[in-house]
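First chain A sits with chain B, and in the next complex the same chain sits with chain C.
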Partner chain A sequence: MKKIVFILTVLITLGIQAQTPEELGLQIAKAAEQADLGFNSSTVNLKMTLKNKNGQTSERSLTTKTLELTEDGDKSLIVFNSPKDVKGTSTLTFTHKVGSDDQWLFLPSIKRVKRISSNNKSGPFVGSEFAYEDLSSQEVEKYTYKFIEAKGSLVVVEQDPVDPKSGYTRRLVTYNKDKGYRFEKVEFYDRKNALLKTLLYSNYKTYKNKFWRAGTFTMKNHQSNKETILEFSDYNFDVDLSEEDFTQAALQRIGG
Partner chain B sequence: MNKKIIFNGIILILFLSFNSLNAQDEEKKSNQDFELEIEAEYRYFYDDAAFNNQKQHFPSIAFTPEYSINWNKGYETLNVTGFFRLDVDDERTHWDIRELYYQKAKNKWELNIGLKKVYWGVAESNHLVDIINQTDAVESFDGEDKLGQPMVQFTYTTNKIGSFDFFYLPYHRKRTFSGEKGRLRFPLVIDKDDLTYESAAEEWRQDVAFRWKHYFGAFDVGLTHFYGNGREPLFTFDQLGNINAFYPVINQTGLDLQITHNAFLWKLESIYRSAKAQDFFAMVAGLEFTFSNIDGNGLDIGLLGEYLYDERDELALNALQNDVFFGSRIAFNDTQDTSILIGGISDLESSSKIFSIEATRRFGSSWTAEVEARIFSNIDVNEFILSNFREDSFLRFSISKYF
Partner chain C sequence: MNAFKRAGNATNVFARSWANFVIKYKWPVLLATLILAIGLGSQGNMEFDGDYHVFFSKSNPELEAFDALQDKYTKDDNVIIVLSPSNGNIFTKENLTAIEELTAESWNTPYSSRVDAVTNFQHTSAVGDDLYVDDLSYNSSLKTDAEILEIKEKALKEPLLVNRILNEKGSVTAINITVRLPGIDLNEIPGEVTPFVRNMISDFKEKYPNFEVYTSGLIPMNTAFFESSMNDMGLTMIMLIIVIITTFILTRNIWSTLATLIVVLLSIMSAIGFVGLMGIKLTPPSSVFPTMILTLAVADSIHILVTMLQKMRKDGLNKVDALKEAMRLNFMPVFITSLTTVIGFLTMNFGDVPPFWDLGNITAFGMGMAFLYSTTALPALMAILPVKSKVKKEETKVRKDWYASLGNYVIKQPVRLTIISVLVIGGLTFLATKNTFNDEFVNYFDETVAFRTDTDYIRDNLTGIYNIEYSIGSGESGGINNPEYLKGLNAFEDWLNEQPEVIHVNAFSEVARRVNRSMHGDNESYYRVPDNRDEAAQYLLLYELSLPFGLDLNNQINVDKSETRVTVTVDNITSADMIAFSKKGEDWLRHNTPEAMHAIGVSPTLMFSKLGFRQAESMLTGNIIALILISLVLMLALKNFKLGLLSIIPNVTPVLVGFGIWALYKAQINTGMVIVFGMTLGIIVDDTVHFMSKFLRARRELGYDAKQAVVYAFETVGKALVTTTIVLLAGFAVLSTSSFALNSYMARITVIIILAALIIDFILLPSLLILTSKKEVVTVKNIEATQVAFDK
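After this line comes the complex of A and B, so read on.
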């Protein structure tokens, strides 16, 4: 792994185009995936602030549990803590590297578990500027890649979603290759290839001396002028979760 | 409900909880949460009543307090949910312990002891397979409100062959019917205490249930069996026209299946119920298709279609013996979570139709408002059950505040 990074670094700094931009882009995406490998499981609390174009805000709070899997995509559990009328509403998602994800919704008022379609990738997550696909597990196989440019430690790669149901023609992702290939910025282009949204990552911290996690995501929609801010707190990488914590029984437990 | 069982149940659960609390010194950290919902409701039945003493205006208020505490990293929990409603109809004025249970999860298994609510099934217009809890019939028309059921539930989830649920249900709870002032009733006011049991053990008959649930690819499948006091009372008539209503001992096998394919959800629920007095088959089958994010702003429009069949014919308590349901679920996915559900059930053999609309929206961060309408249209006078409700179309408005 270190070797690949080294070669890449050399290639980029020397500006030698030994590879096509597509190969280089894919390599960078794989390097980013590799750098984040081995976190096993984590939990985090999340405050979501939605701002409309007049500056009025509303808030949601959630807890997310994630289980890293290598053969297939990650598993995750999300539970809402507020607003109070949706408290306990939770989702269980099995991400797949190829094909659509499996997803279940738990409705606490009638205690119903419902398998839901993961077809709606482009729709907004709970009224926010984040689409479902922006928040799902970032698997390398979900995009094709093209290296665009390198500026110092920053590397820009164009990512084209494989799934035709995606709301985007492309995303421009800015990686920081000196900081474990963490994301610094993502620009989203809509189906008409017009700039739709910009996502900025800030307040980064490292966990277990290896895993970079941003404390704040700021998503700005340039077309509607709305904004959503995600603030992460209480990251826990020592929870030691297993597959048994990501079952339908667990989904019902977390929602109460 | 019998006060003694509630009291004994509480003692048992508290005992179990404290035992566990003490045993877990190293995992002392516990999280508590209290929440209260207060709902003001107004129901207006705009047609003149079919029977004497029935009212038209029903202002009402309901309280739903919830408390939960978890410890042992969340693997042990005590959940409590109460409910109290004050209404014009004396029978709709009622209280209940919706939930009061201790839960422990460890690796592949989970144990629940106490009063709890369990939902089974996939369909929207009728909930056939769902049988663990008694319906709180005075609370809502759609049958989705349930009474807390005393149980011991043991769940075992395997890696490869799905999950297995075993239920021990030591006590049966009777269904409550509208009182004299209430709507949605029969000419004769049914007092729930007048209903008897087929079983000599009555409500203390020790009942059992089982569920297997699994998913593979696009398929989610559940197989269930219930053996015990039925949740629906059985009405029989003698030659003089006297009603004899009782809870039979039933065996009910259920199947629920959903296929989730792109924007399509294909659904099937079916049951076979056998009792000394009656054997029958019933099913509901249909689909749901969602056009998502239509306007690029999050608007989802779902279309629902279901066919309902019940071999009991006109004796089916919910009057859905050979009917079709069409509906639409509209979700705006805005910051207020605005959503609308519109539906209509039409009898294929008569003119009877029931239309409904339910709309909800949040205001601020702790208020919600709901509007509901149920309209009984062209109800056939020969409908054995439904004809009693032909004047009972209503509008319902409610506002909830969450603390």
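After this line comes the complex of A and C, so read on.
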């Protein structure tokens, strides 16, 4: 009964009629996208801590710049600050709503930009428990959806990746509908549909009274017992970046 | 009077009142033993553990080193599926499509974390500043013939594929499924992974009948261990039938046969209860315990029953009197022989291989219970059962004469026989030293096991099954990108590839070279490690960003990027060669690289290679203790220090003879054979005890001289020794049919040892008894008083 009431509430809130769990799931994903719309651009510093089963750790630090786009996927630029031997290495990614993303890498050691042509987004990002596909811009078109359940303000939606080369069969995303549809938890199921990883979001803060950003991502791999923690700091939503800051030339400039 | 005599009388009194008690309260006694056996049996829980880790104790240094390596990278158990298409060419549209399909299905294997195949190999290529990383063959069904030819050329040039995933001709290929087992449930492999893989393969064969499929790897090996445990347990049934037949032939009485059967079954039931209570997980070596107990326990019953029936048939005693007499005469011998057997089996605990601790403890417990049931349930049953026997005319005269004439033959030429024996034993002892340890785990299984034949096929046609791994450190975080490190690693890789026994080397330096080439527009002259640290680090970062799920470098590089793993696949070489090879690699690193890069070789192969040596070393103490304890028991039982010492000769030499003959037969010994000294000592000592006790009785009670005493011993126990030897030989012969070499070799050498023991006890022992007694003046004064414990 509660579930039905909730579904109705969601429907009314959204002002859209949805009958099937698939449609409802899609609506929730769109609502989440909608809630995060309009941040334009941001920068953030990021500390990545890798932990293996025995608690040995290894750290990397990066800076990420993101430019919001509406017709196509977001553009992002990541600069590695440490370890020392990769300092200045940067990646530029154009996310596409349909098809594979474009990616360039600037290598300061040879002062060249390399284009990576690969459909592989499922591998670990710099040896961490995050796959590139876990970190890239969450475009609605990249998944199909299915509403699973609602508990209080939490809504669980199953998302099945469209890309056949994804490392997952599905992921279960827990949204918080009262907090701008922010992600609370994501559970990743591997190709044989066994639980692979759980990602928990914590230390949320709002920026510009609207945009929820988690201060900490904790990704736990249940099969290898390894863990990666991402700590975000110095979020800046006032940088006012433009398309010119996301070109190959800009990539070279920043890295060098 | 001496204390022994009183002790002797005391045991006699004890045995007699025990017999009286058991016969008087036959029903309660029988009921009590049944309740005990059923109570124990109800606790029984037989679980099988096929994990190869069971062969290594927690403190095994090789296991610790290997676990440490797996903790640093990834813990890899694997299934290798090898495909051989009938047209002899992997690279056709149809075959690649089939392989791609099976690869995709392999990802669904329970607990799989990675699947490596020729089709999903991540091929890197470069055009200018564009870098392409992709599956070597994706959507193969859409490829043109020209594209497939190109794929073939690329594949056959790829050092990471050739001799590992693909043979040099491109006619045989492998899919390697890496499985990461949680290790919580024993059923993970036999109940989940193996059935899945078997189903997948049978579906594949049905759809693509043009492929021959072979499987190997650590998971199939574990399965083979598991299944051979079950098979060897099945040998129990054969042994049971043999026990029934033997008992019937020896006693010629259906009720005795039934009683014996009940006693051995109660013993096994109790042992099964022990397994459950102790939480023991059965493994191939320990799963033979029912056959062992059957073999050894049946002797107790036979001794008692044969005496009883003899008393009835020959001496015309009634059933109850005959039973009491049989109990009185056999109580001590059965107790002593059970005790020595228990001591022998318990010495297995000194070894370093846990499955043999279990075998020793279960069998020791079973033998203890067999003694209890033989002296309680057996007489109670015989008292209850309607055993009838006619008094027969002496008909064993002929056979008795045969034993007597053997005795007469021996006493005529003790010196000659001693010299011949010493020469033969000496020669065989020399040969025994020619045996070498070999624990090649593939050869643990004989050709009736699919794991063995499949693995042999893979070795002959694709790659090696044995490997050694080195975790090579750089001494600093991120140091694997240091050019000095990469050069050292590259040199090690090159050196390894030059070694004749090496089939394939998987080292990070190969990745570094490949990426460096790609970063320079696929220019072959850049197929070398980068010579600048930042370059190497940034290339690696780029490369890692382009790898897909499950095909990353985490199995090769540690989290801190301070160490990498070198995996060397080697040909099938013996354990000793394997250890030597690993050492050679360690030495090379020590002489040619900075200290941080020094590493020790580890792998399951090496662990097994060193297992036999480790077991032999640790069993040495156990064997010495067994020898001392059993000799002490003998001295006490015989009440003679000198003969106790002398008994060491016929007890130790059969083992030397056994290993000497083995050197002529196989010349390779495995871990399972290390335990036979302690084990057979506890068993063969019975022969010596019986023979010597009769000899002593003749000297002490009957006043015979040494030669006469020997003939007397032959006449009285000759037959008994032959019959128990036959039962033992039958039991171990059954075990020697096991498809699992740790069991079958152990059983085969035990057969030789038991046979040798009988011959030595019939030839060398009497000769020695005569020679050492020569100068002794026999004192016949306390004949009437001295009761030998082994009186019969």
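Keep in mind that, in the parts below, the second predicted complex is superposed on the first by the 238 of 256 C-alpha atoms of A that agree within 3 Å, B and C clash if a C-alpha of one lies under 4 Å from a C-alpha of the other, contacts with A are read in each partner's own complex, and residues count from 1 in each chain.
Quick note on the criterion: a contact is a pair of C-beta atoms (placed from the backbone, for glycine too) under 8 Å apart; a residue touches a chain by one contact, two chains touch by 3 or more.
Since we're looking at a predicted model, the values are computed, not measured.
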Which term applies to chain B and chain C once both are placed on chain A by superposition, clash or fit?
clash
Check the residue A:215 against both partner chains and state whether it touches chain B (first), chain C (second), both, or neither.
neither
Under the stated touch criterion, which partner chain does A:122 make contact with: chain B (first), chain C (second), both, or neither?
both
Touching A:180, do we find chain B (first), chain C (second), both, or neither?
neither
Considering only touches as defined above, state whether A:253 meets chain B (first), chain C (second), both or neither.
first
Applying the touch criterion given at the start, work out whether A:21 contacts chain B, chain C, both or neither, answering first, second, both or neither.
neither
Taking the superposition as given, does A:58 touch the first partner, chain B, the second, chain C, both, or neither?
both
Scan A:192 for contacts with chain B and chain C and give back first, second, both or neither.
second
After superposition on chain A, which segment of chain C among 187-195, 223-231, 295-303 or 511-519 overlaps with chain B?
511-519
On chain A, what residues does chain B touch that chain C touches as well?
50, 52, 58, 83-86, 110, 112-117, 119-120, 122-124, 126-127, 167, 224
Chain A-facing residues of chain B, complex
35, 37, 68, 73-74, 77, 79, 103, 105, 107-108, 110, 117-119, 121-122, 144, 146, 155, 157, 159, 163, 213, 215, 220, 258, 260, 262-265, 290, 292-293, 296-298, 300, 333-337, 362, 365-366, 368, 400, 402-403
Interface residues, chain A side, partner chain C - complex:
50-54, 56-58, 80, 83-86, 89, 91, 103, 105, 107-110, 112-127, 131-132, 165-167, 190-192, 194, 223-224, 226
Where on chain C is chain A touching in the complex?
71-72, 74, 107-113, 122, 129-134, 180, 477-478, 481, 519, 532-539, 541-542, 544-554, 557-561
Looking at the complex, which residues from chain A come into contact with chain B?
50, 52, 58-59, 82-87, 100, 102, 110-117, 119-120, 122-124, 126-127, 167, 224, 239, 242-244, 247-250, 253-254, 256
